[in-house]
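The following pair of complexes shares a single chain, subunit A, combined with subunit B in the former and subunit C in the latter.
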Partner chain A sequence: MSIFEYNGAAIVAMAGKNCVAIGSDLRFGVQLQTITTDCPKVFQMNDKLFLGLSGLGTDAQTLHEKLVFRHNLYKLREERSMKPTTFAHLVSSVLYERRFGPYFAGPVIAGLEDNGTPYLCGMDSIGAMETAKDFMVQGTSPESLYGMCESMWREDMEPEELFETLAQCLLSGVDRDALAGWGSVVHVITPDKVITRTIKGRMD
Partner chain B sequence: MAGEGSQYSFSLTTFSPSGKLVQIEYALKAVGAGATSLGIAASDGVVIATEKKLPSLLVDEGTVKKILMLTPNIGVVYSGMGPDYRVLVRKARKTAQVYYQLYKEHIPVAQLVREVAAVMQEFTQSGGVRPFGVSLMLSGFDDNGPQLYQIDPSGSYFAWKASAIGKNMVNAKTFLEKRYSEEVGIEDAIHTALLTLKEGFEGQLSSSNIEVGIVGADRKFRVLTESEVADYLQEVE
Partner chain C sequence: QNRAPARVSVHLSSAMSWSPYTDNGGTVLAVAGEDYCIVAASTRLSSGFDILTRDSSKLLQLSPKVVLASAGMQADMKALQKMLISRHVMYQFNHNKPMSVTAAAQLLSNTLYYKRFFPYYTFNIVAGLDDQGRGAVFSYDAIGSYERSGFFCQGSGKELIQPVLDNQLKAASPLVIPSKSDLTSLPLEQALDLVKAAFVSAGERDIYTGDQVEITIMTKDGTRKDSLQLKLD
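And then the complex of A and B:
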């Protein structure tokens, strides 16, 4: 059994018209046992930047703490928040530093650039970055998630429609995944606000 | 950094009874004995300039480079000891590249200044080393606009609208105080810089015994060629 499948996760991020959305499942489990159903895998870094971390729970947690640490120091030194591209490169560097003893995590970064353009990026556990214009997925059943996104995503969706699409992709995508699901949370980021919605799904 | 059997593993920059660090005072004297350098921050760019005082006519002045680039949008000049300057330039360039590798974004001017200043400060509080015998004048253009910074051997740094360091700094600064205005553009700033250098220059100012570097709104730092300097000098005359 792969170390990446010890805990289980599903993360989807999508780009719309001057908005991005990112969501994850809520299951926290240890192999086949579900421990809690209130464990989101998406974290807010600043008002226009979200980070999702799939993979081994302890590594995702530690990585998140390290990145909060780095981001806080950056804000103090530079007196400004990190741009999404800057943050993504930082995550990549942090991961590559551990090239031969990596963090078993799969990050997804979703944010809005200064001019409102969506930024989506995903990487593997050693920091190989991939930016996307449409959507980015990570987790224990990426194939199901890709399948859903590929068929349901369209260009230039407004925030409301983007939310519906992402939510449906996430909910249906985790149906075939024993290790992810048990409810989900979705954040929609627009230039003026972030709307967070927790979604009731199949609790199995 | 102490040698074998060295008696000097303590810091040479220890406080005097009057609360001064005499080594830093002496380092500033070394700076004050160096050739004059100055910088002017204009509304749309920054200009830095220096005298190229060579010890002999036989020196190949084309190979002497006092104004150097640290990043594509940041340049630096110094007054004081050349070899110490080169060490700092190396460290500064590396710092800038480390930042770029981490963030894929060019280091902001203020951040680079802080890092270089931190290095200079280290050498005032470590065992077996002496402070750097240079003051640096850093010019750059980033998202916060055109900026000019001076960094001293102690590690203190100041942002200036216009300033001078080295032998003739007092007269040069008085001259600049009279001539500086906030709205001045970079072309005027270059003329003012040349006039300021001319004020304290021993001998005849020419394009082969001064160096000028500019960074404009295009955010590209460059050292002016000898012929460009000659043209500006003609305009000033």
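And then the complex of A and C:
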């Protein structure tokens, strides 16, 4: 069993018309035992930037804490929040510092640029970045999530439709994954607000 | 004191050795409706990163109402098809009628389990119309464990496509009253559009799925064929 499949996770991020959405499942388990069902894997970094972390739970947690620390330091020095591209490059850099003893995490970054353009980025555990204009997935069954997103994503979706699409992709994607599920949380980020919804799916 | 040197046997457990199996890639899927059955298969044949051919068939029409679709190793697929054709000829001779889809399903399960300790490297779907004229889809593992369902996919793109089919065709819950049967209530043309859309999506993300999709549609009026062009990359 791979170290990336020890805890289980599913993260999907999608871009719409001047909005992005990012969601994750809620299961926290140790191999086949489920421990809690209220563990989201998506964290808010600033009012228009979210970070999702799949992979080994302890590494995701540590990375999150380190990145909050770095972001706070940045805010103190620069007196402004980090832009999404800057943050993504920071994450990549932090991961590559540990090139030969990596954090076993798979990040997904979703945010809005200053002019409202969506920004989506995913990486592997050593910081290789890939930006996308449609969607990004990470987790224990990426093929299920890729298949759903590839079939359902369309260009220029409004926030409400983007939420519905992402929710369906997550819900149906995790139903074929034993290590992810037990409900989902989805955040939709628009230039003026962030709407967070928790969804009940198959609770198994 | 001279002692004989200790002999240490070193077993290179990571040494490459010859394997009787190879994966030629490709995806197959089938959807059962109230009075129709759709079976589709990609036509690309691969070996590693090479494409061997862009138009090989994975479908075998055993009888007007029974189709076998196989993904996996083409050599074992051909051997399996030959075996089943031979058994079907004998069945028709003995019973004076073609095999029903349920009979063919059981025959395939037994044939696969016969080679339990040196399996056919094939991931099969048997599909057709049952004796009441309703769609039937049976899905197998390599050694013959099978289950009837309303829809299934196998092969290299199965993880990509299965959740899409679950989302569009599966009942919301098994506890819904009245109980929904496994068969989809979608009309034929909509189910066909879903099958084609699923293959286009799989073709984007799976390197072994592409070129063309061969589709067989069985209804009470007979069997017709359709095809879909996919990306060649």
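We adopt the following convention: the second predicted complex is superposed on the first by the 204 of 204 C-alpha atoms of A that agree within 3 Å, B and C clash if a C-alpha of one lies under 4 Å from a C-alpha of the other, contacts with A are read in each partner's own complex, and residues count from 1 in each chain.
The criterion applied here is as follows: contacts are C-beta pairs under 8 Å (C-beta built on N, C-alpha and C of every residue); 3 or more make two chains touch, one makes a residue touch a chain.
Please read these numbers as outputs of a predicted model, since none were measured by experiment.
Residue contacts after overlaying the shared chain place A:D175 against subunit C, while subunit B stays out of touching range.
Looking at the shared chain after the overlay, A:R98 reaches neither subunit B nor subunit C. Residue contacts after overlaying the shared chain place A:K66 against neither subunit B nor subunit C.
In the superposition on chain A, contact is made by A:E78 with subunit B only, not with subunit C. Of the two partner chains placed by the overlay, only subunit B lies in contact with A:H89; subunit C stays clear of it. Judged by the number of subunit A residues each one touches, C leads among subunit B and subunit C. According to the touch criterion, subunit A has no shared surface contacted by subunit B in one complex and subunit C in the other. Considering their complex, residues 141, 143-144, 146-148, 150-152, 168, 171-173, 175-176 of subunit A touch subunit C.
Within the complex, the subunit B residues that touch subunit A are 101-105, 108, 111, 114.
Contact residues on subunit A toward subunit B in their complex (touch as defined above): 77-78, 83, 85-86, 89-90, 93.
Touching subunit A in their complex are the following residues of subunit C: 157, 159-164, 166-167, 197-198, 201-202, 204-205.
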